[in-house]
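Order as written gives the chain letters A, B, C and D; numbering starts at 1 within each chain.
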Amino acid sequence: MRSFINYIAEIFSGIWTLLTGMKVTAKYFFTPWKHVTQQYPENRDTLVMFERFRGEVIMPHNENNEHKCTGCGICEINCPNGSIEIITKSVVNEEGKKKRIIDQHIYHLAMCTFCNLCVKTCPSDAIVMAQTFEHAHWDRTTMTKVLNQPGSKIMDGVKE
Amino acid sequence: MTNEQLIEQLTSANPIADVKQGIQYPEITVSFNTLHAFMQNLKSDSNLAFDYLVCQSGVDYPTYMQVVYHLESTLHKHFLIVKVNTENRETPALDTVTDIWPTAEFHEREIYDLLGVKFNNHPDLRRLFLDDTWGFPLRKDYKDDIHVVER
Amino acid sequence: MAEIIEKIITTDEIKTDEYLVNMGPQHPSTHGVLRLLLKLEGEIVHNVEPHVGYIHSGIEKMTEALSYPQIPHLTDRMDYLSSHMNNEAVSLLVENALQVEVPERVKYIRTIFDELQRLASHQLWWCASGMDLGALTAFFYGLRDREDILDIFEETCGARLTLNYSVPGGVMFDIHPNFQRKVKAFIKKFRKILPEYDKLLTGNIIFQNRTRGVGILTKEDAIAYGVTGPTGRASGFSCDVRKHHPYSAYPYIKFDEKLGSDGDSFMRWKLRMDEMWESLNIIEQLIDNIPEGDYAVKMKGVIKLPEGEYYQRVETARGEFGVYVVSDGKKNPYRVKFRSPGFSNLFAINHIAKGWKIADLVAIMATFDLVIPDIDR
Amino acid sequence: MAFEKYDFTPLTQSIHQGLSENLSPLLTTIIEWTIIGVLYLLFIAVFGLLLVYAERKVCAFFQQRLGPMRVGPWGLIQTIADFIKLLMKELITPKSVDKFLYNLAPFIVIIVPFLTISVIPFAPGLQALDFDIGIFFVTAVSSVGVIGVLLAGWASNNKYSLIGGMRSGAQIVSYELSVGMSLITMVIMAGTMQVSEIVELQRGGWFLFKGHIPAVIAFFVFVVAGTAETNRGPFDLAEAESELTAGFHTEYSGIKFAFFFLAEYINLFIVAAMATIVFLGGWMPFHFGGFESFNTIMDYIPGLVWFFMKVFAIIFLIMWFKWTFPRLRIDQILTLEWKYLLPINLFNILLMATMVLLGWHW
């Protein structure tokens, strides 16, 4: 008799646990305004990334097309994946001295792991992380970027 | 057991072994031919009771291979590093400790795979990650022209 | 149940041919590229042979060519669900080797991040094992709540999964001004949601039948196989590194090391659920008391570890993570070995899955909480 | 009564008369068969797509998602697009399959819903076949589907498929019993197996209310066993994707896969329709004793609408099961059937027989 009562009790307690589970899912089914889905390409206008989001390394230029990069190569040394290459050139300045300045700051986006070490170690804060994240390309060569804009020169007052 | 007591006991039990307090933990270097008996004793001695093999790593040195055992006792909570050097670097071989700590079976397979240290009496010594034709990548003289790009 | 299966296996007249089935490398419940070679008789598992290495990335070899500040970002990619703990292990190792005392603030931030990461990892484990057991809805609820933690991470350190936040000497950035407010809001919200998780699955009779008594790992086996983390603790193996070898801010706080006794799949499940509550408690103890100060100490430009060997252990979401570094005094390590929890945990599966059905093997795999890059490294 | 004006009998009869006046009886029969066949074909295709869409939306809403949103407004054309995609896909036949059985299996599986759907009365007068053993016919025919599943599992020459097929076989053979028995319980109460009669008997009140306790138990058992028989979660062992990747239809592609897929959804409809007919009064409107005005308003809703409302309610219930519960293990499924549902059912038949004998029902 006892086992029979247990059997019945088992059935009802089992059904009860199932119903509590169904209550949870039903709660969400009938509150559709709480949906968490973001419809991504449509919400591009309203989508704001956090300001520290590490999307891509860029070199900010001011309105006179000047940047802060001295071409010291510390970012290149600190990059664990070899995604930064610095090409420098020698120029003669007004005083007639030879000086090494940046020619091309090459950044291989496809090899970058966004570890932030280059930005952190840059002595003149020349490079920063941008918040862009749509990096899909058809062609791998487009992911190799030159960060300093053509014709740009170094900002005045940046310590060398 | 404190580290000093541990070192004392190990020294008295193994006069020829090199016992010292390392940078962090007590260390002992044993000879490869006494390895298995020594390890057996570490586990079965109730004062030591090293029943948990935390980590087993292989290191490639210029003239020999070294296998490092990080051992902990779940009973006494003391920690010990056991090092054993192989006889040579060309045909490195050691006794297995799989029968003492089952987890060693796979750590040893990994060491065999990446460093080429053979473990005698191992139940199933096959390569773990790589295929049979591959070299031993964690050796310092390993060269791979296809997959490794030197900067 | 197990006795009946035992009887079926040992009875000769219903013995049929064994056959081999490859579970993986592409299989929904191996959570990555793990291949299990199953020897089955009907539905009953006779032998499980894990074949790993499909995602072996040679991190140990790569680190030999990297400098110490560069190593943490690679450890992100091993156990990607415990990336901050992995970063922290390397950072702590370098700091201990150089005898650098980090500011209190760093310790607090690291510990809060550890626990948030543990919560995020356990949430993903919860939803993925729900999915393994066939409750697909759980998967979306878990991911929904994990999103809050990832947003907190993103706001402070700019990444969601591969954080690379803890660096030798401190943390990469100071915490965001919104950090404390958001964490507190999350804790408040998650305390209401956790009982819902229990209602949806833990109490469910189908779920209980699927997990109770399935895949029992005894304490002795857990120690022998080096099964750590919640999986080991469910068997009664007291292996919490946070408790026994406290690091960062763990010495300052009160928390329980949850221990199970049964060692079955349900206990492993329950233990992780309890750990989530405990993590919430830990964060609550710390979040209001973050001391003022620097977020990093100034390290030398080139970090060179003194010659010698170092070992650092931390508790990740999956178990004990160890870093063993042999330094020859140069700026690159001579040899780095990562003792990953998943590696040891995985190989205990063969021992406990024998005699159970395929569906039980899935339940065991789910409650072992494996991350494949963690195994392969 | 008001709802009589929604009767389809005059329409069908006028078509029949119009045809037989102008054509020979043989030709009339052939044309009528063709019309019915085409109609059912269309119905199954369209309703299957609708159900797939409904499932995706319902599932999404349970999971706090939006579901398909891109193709058409609210993703309405999504399933049609998927269907076109499936039609255009290459039919891959793996090398080592048993070609004949491999190709036969999807047809057997898809034939079953066509057979069973013929006895379902959608509205007064809208029924292809009105047997006197309608219920019996449904239970008999619906178990043919398992042969298709077993064939697919065997002929695919894939271990996962084989396990899936075997699981499905064991499961459906067991649960047939419960489905049959719970229907028998209601047949005892109705005293007839003719489907139209059963619906007609519920004019005064649905059997679920008329038969109270045993009917509710039978309804519960029927829904559970019906869910199992359609291979749906939590009983979706045959295609348990976390264990067997896709189970018995792993090796099928293109339209053959679509057949399995469609058959699953139409079977879902049939289970819901049978539950509606036997327990919830088919196309009968909801009447509440004593509220005459309420009943009159209910009567103005056509029978077809009533039928589909009830069917969708049951389909929603079954979907709710699927998206809440974890999957059972194969031995637990059999335990549930043989240790719980079957004894309950047997007891329930006794209870119902006693009740009918003593006239305790309304």
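Definition applied: a contact is a pair of C-beta atoms (placed from the backbone, for glycine too) under 8 Å apart; a residue touches a chain by one contact, two chains touch by 3 or more.
Since the model is a prediction, treat every value here as computed from it, not as a measurement.
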Tell me which chain's centre, taken as the mean of its C-alpha atoms, is farthest from chain A.
D
Distance between chain B and chain D based on Cα centroids, please, to the nearest Å.
64
Between chain A and chain C, tell me the centre distance in angstrom, where each centre is the average of that chain's C-alpha atoms.
25
CA centroid of chain C to CA centroid of chain D, Å:
45
Junction residues of chain D, two or more chains touched
62-65, 323-325
Give the residues of chain B touching no fewer than two other chains, as numbers and ranges.
none
Multi-chain contacts in chain A, i.e. residues touching at least two other chains, fall at 18, 21, 24-25, 28, 36
Inter-chain touches occur between A-C, A-D, B-C, C-D
Note: in the complex, chain A contacts chain C through residues 13-14, 17-18, 20-21, 23-25, 28, 36, 50, 52-54, 78, 80, 113-117, 120, 129
In the complex of these two chains, what residues of chain D are touching chain A?
58, 61-66, 69, 320-321, 323-325, 340, 344
Under the stated contact criterion, what part of chain C meets chain D in this complex?
19, 21, 27-29, 43, 130-137, 139-141, 144, 200-201, 204, 206-207, 209-210, 357-360, 362
So in the complex, which bits of chain C are touching chain A?
66-67, 69-70, 73-74, 77, 137, 141, 144, 147, 151, 154-159, 162, 164, 167, 172-173, 176, 196, 199-201, 203-206, 208
Which residues of chain A touch chain D once you look at their complex with the stated criterion?
11, 18, 21-22, 24-26, 28-29, 32, 34-37, 39
